[in-house]
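One structure coming up, written as structure tokens, with questions to follow.
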């Protein structure tokens, strides 16, 4: 029996659709990376094409099949970086959907990093959230923009409350007879208390096809821009070291975003001028139930001009 | 003691910030609406201003205070519609932050609607998710764009699987000796089985200040565009009626978006041409673990041209 | 037409069911409290009865109706405390379901508290999560057990890291020539740095029907047992005061649970010996991505014995 | 410098704690399974010990280290089933914490299954949620109870609405002149419409140490007990087959639980009488915003008696 193909019909209401597809598709992704250890992820995908006004449906029942097949192929191929995966899927989607002018693939996943504790040098695992998108458009051949990024948890300490605590310490030491010079030395060597908390830094970088962006570099920039990295495992001397370091580098939510922006400009020197950089920091304030937030969205050219 | 004001300092890294503020601020909101019953909501707010490169911090400690005070004032004033609330806050934020060129307020909430069951006419409550944003910018005085919208759960039935089931029924009735005419009558009167599921329709409408957009109308358009509304309470005759109605109006995810677009054009005739309409439909497919999704983003002028 | 009533049939597989019902039912709840301002909540309910082996279905289509009607009645009645609401629903459910031997109602909600900032005395709102359950059983008449509780966010500071920082400060001040006595005075007056974070304390109290438990008292005990309360709005002197207070009362996750247990024993003196107390503390450690957790489950009689 | 060890101090408030530990610890888990392909998971762990009243803290800073080390060892060992992992950690925790009388390890993860589409036999991936717990207690040596389970999404179709639709079809066919016999044949061969939706079945099985419980068997029982399995990828003939099958096996939420209970009794014949079985079904009703729910908690001996 030939099954009816309703999706090929003309729709009653003829309007264009910007995106038609599937969301929350979970897949086991294995990314081989040449010499490095392969990355294994459970990733969640959203996959879309646009749909012209005269076509009723993107044939989602067939579409699922196409998408899945493409994903399987992409997974088995020797893909070298995660954002390549989305590009490959987006390109193939456009091949299969002759009516579509645009295909979009979004991926997000948890990603495990191995690292050593700061003082005792014991190995532990950290989890970061990573994401990659790719959009293929059909204009003078196939054009492709892609985006890659990460969100990482670290620790931030508040400069404002710390400054007040420094003044209290200073007043007290003055009262106890310590000289101004020695008070300054003390405050330089022993950082004072303040509220501190989990911060979440996030960077996404959107580039044209063919531009390399290192995910490991992005993760490193995010962590370096907070008051301190955090660790799943900390022996007591490690904990003391983290607390002291974090209190020596107090940072407002604004400071974290600016620090990330500066490091992006300094380290990602290969980015073309039209690369779009989105940088966000969310601090889960220990003195409030709400969060503090800062964000910068700009082209790398704009950031280069400002710094 | 005069407390140090670190936020007023010049920052070490001088770059502009697009958004600085607070997220996940929960507030009890009371919106008086003239003759209608007041609306009481527990709303979650995100509130931002931009920050020029030469200022270290948006003084979040003071900023929280300003925001809160503004919110309290706005709540106590006889505000008439929910999106007015965000506009009022955005405008006042810009007044207080002389350095900012842009202020942005986002709000989301659960909103309770009372309605009657379709056959038995019993009153029940439904919950919808609503949201409103406002962005005030300082250019030739204060400009304000605002956005209001809702996400509503309804029921969608799949036309494709139903068409296959209709053919099976037709073949079987033919085999049992029923005439083609009578088969057609039967299939017209008794809708065949298909997979069906919760769908979530979402419309947001962005307009300039001063343009009225009715939230109740938006909710109505979303519900009317799915295969059927849903109800918390259904007696057995109501349930039968809903199931039958939904199976008489099978809809792809694409159909729902197109139906919403058509109704927006037909019913929101007062919208200026540059109003931006975002329409989304997500179907939580009962035959898959993933969702089907469709979206249209366009100005109302573009939609009017197409329909 | 008489509609078929499938639920009344005998099931193919005859086994008893512990719970049959509905979950995630959202309702607007208005609780009048005599002289106090009425409480308005959007609450989420789960509502169950048990089902004997010989009945096919709990007639959920009718059951929804019963539940809703009962809830509406309960809402309109002059209920005085939130946990009374669940008891009333549980009791009525048992009346309506002659085959059920047990009815269970669970409710959770966000609850808004008004309070003043610690130094500047400005009013602000805080949100806490509250919950109540009631279970009615049919044994020698109707028996009722009920549970009420809250989860509140506060601030906790780590005693361990602080002790290390105290030693560093002490060593440094000794090196700078300050006497032991004066160092002790300094450390008594100026609390040293440590990691601190959002903590979430939770208490639930299960009692027989007719025993009063004050939700406001529970919330107060939870907040008092952490290093400091937190506030949505803090002027700079308030922030300094909170940070200093929290650093004067460093608390392990275990300390918070023990402090809550002690206050429950001291303040809830009316609780019968068989009241079941569950106390939990979760600290969202600022130096880790994971949380620290402690819990005590005991009857009040057991806690009274230990303290 | 010898760091101070505050956790070893006597606490001010001396009460026992039921659980002290860490929650939301994410780890890459590799489970080798002899001849089968190794399982790779990103798992979330909660790990606790109890704490006697005279000890201030469970030394979480050291405890983290112990836990991590134990987990690493457990991961590298040739563990054969996932629940073995938790048992191994629980046992080792008890060895290390001489003061603890009880250690508890909870794990949850997403788990990927490969399967073929029902008609077209194309391979696709499905994701299920799995969990395992183990509790070790020190009484006459070490006793261990463990629990393993899964939650799987499938499709459920409502018998009640379908029965009504069958009557409508029957009435209409009678009106069109079809004989009663032929109507019965038709309704036997072509299942009528009803509402259907995603259902989530869940089984957990708690046993003493040394009793084997197959996770794959549990998953299979859950899926078989709903109206139909679901698939990420369905060609159109597969979709038709799924819809038809699901409509031939309409199931109330109660039916799903009873079907699971029956299959557990029939297939898990090796379970000792005191094994505790928890079975739950949640249907995300397409005609409501709330869910239908049923549950049975019983020992396997009780279930065997009833069936």
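Some points to look at:
Letters are used for the chains, namely A, B, C and D, taken in the order the chains are written, and counting of residues starts over at 1 for each.
Operating definition for what follows: a contact is a pair of C-beta atoms (placed from the backbone, for glycine too) under 8 Å apart; a residue touches a chain by one contact, two chains touch by 3 or more.
Bear in mind that the values here come from a model prediction, so they are computed numbers and not experimental data.
Contact with subunit A and subunit B alike is made by C, D. Subunit A and subunit D touch with mostly matching residues; of the residue numbers seen at this interface, over half occur in both copies. Set side by side, the interfaces B-C and A-C show unequal numbers of C-beta pairs in contact, with more at A-C.
Separating the centre of subunit C from that of subunit D, both taken as means of CA atoms, is a distance of 27 Å.
Mean C-alpha positions place subunit B and subunit C at a centre distance of 32 Å. Separating the CA-averaged centres of subunit A and subunit C is a span of 35 Å.
Residues of subunit B in contact with two or more other chains: 3, 25-26, 61, 64, 127, 160, 164, 232, 234, 236, 239-240, 288-290.
With chains as nodes and touching pairs as edges, the resulting graph is complete, every pair of chains being joined.
Put simply, subunit A touches subunit B in their complex at residues 1, 3-4, 6-7, 11-26, 46, 48, 51, 53, 56-58, 60-61, 64, 159-160, 163-164, 167, 252-255, 257-259, 261-262, 282, 288-298, 303, 306-307. By the touch rule above, subunit A contacts subunit C in their complex via residues 126-127, 153, 155, 160-161, 164-165, 168-169, 172-173, 176-178, 182, 185-186, 189-198, 228, 230-232, 234, 236, 239-240, 242-244, 246-247, 284-290. The part of subunit D that touches subunit A in the complex is made up of residues 3, 5, 25-28, 40, 42, 61-62, 64-65, 68, 110, 112, 122, 124-125, 127, 232-237, 239-240.
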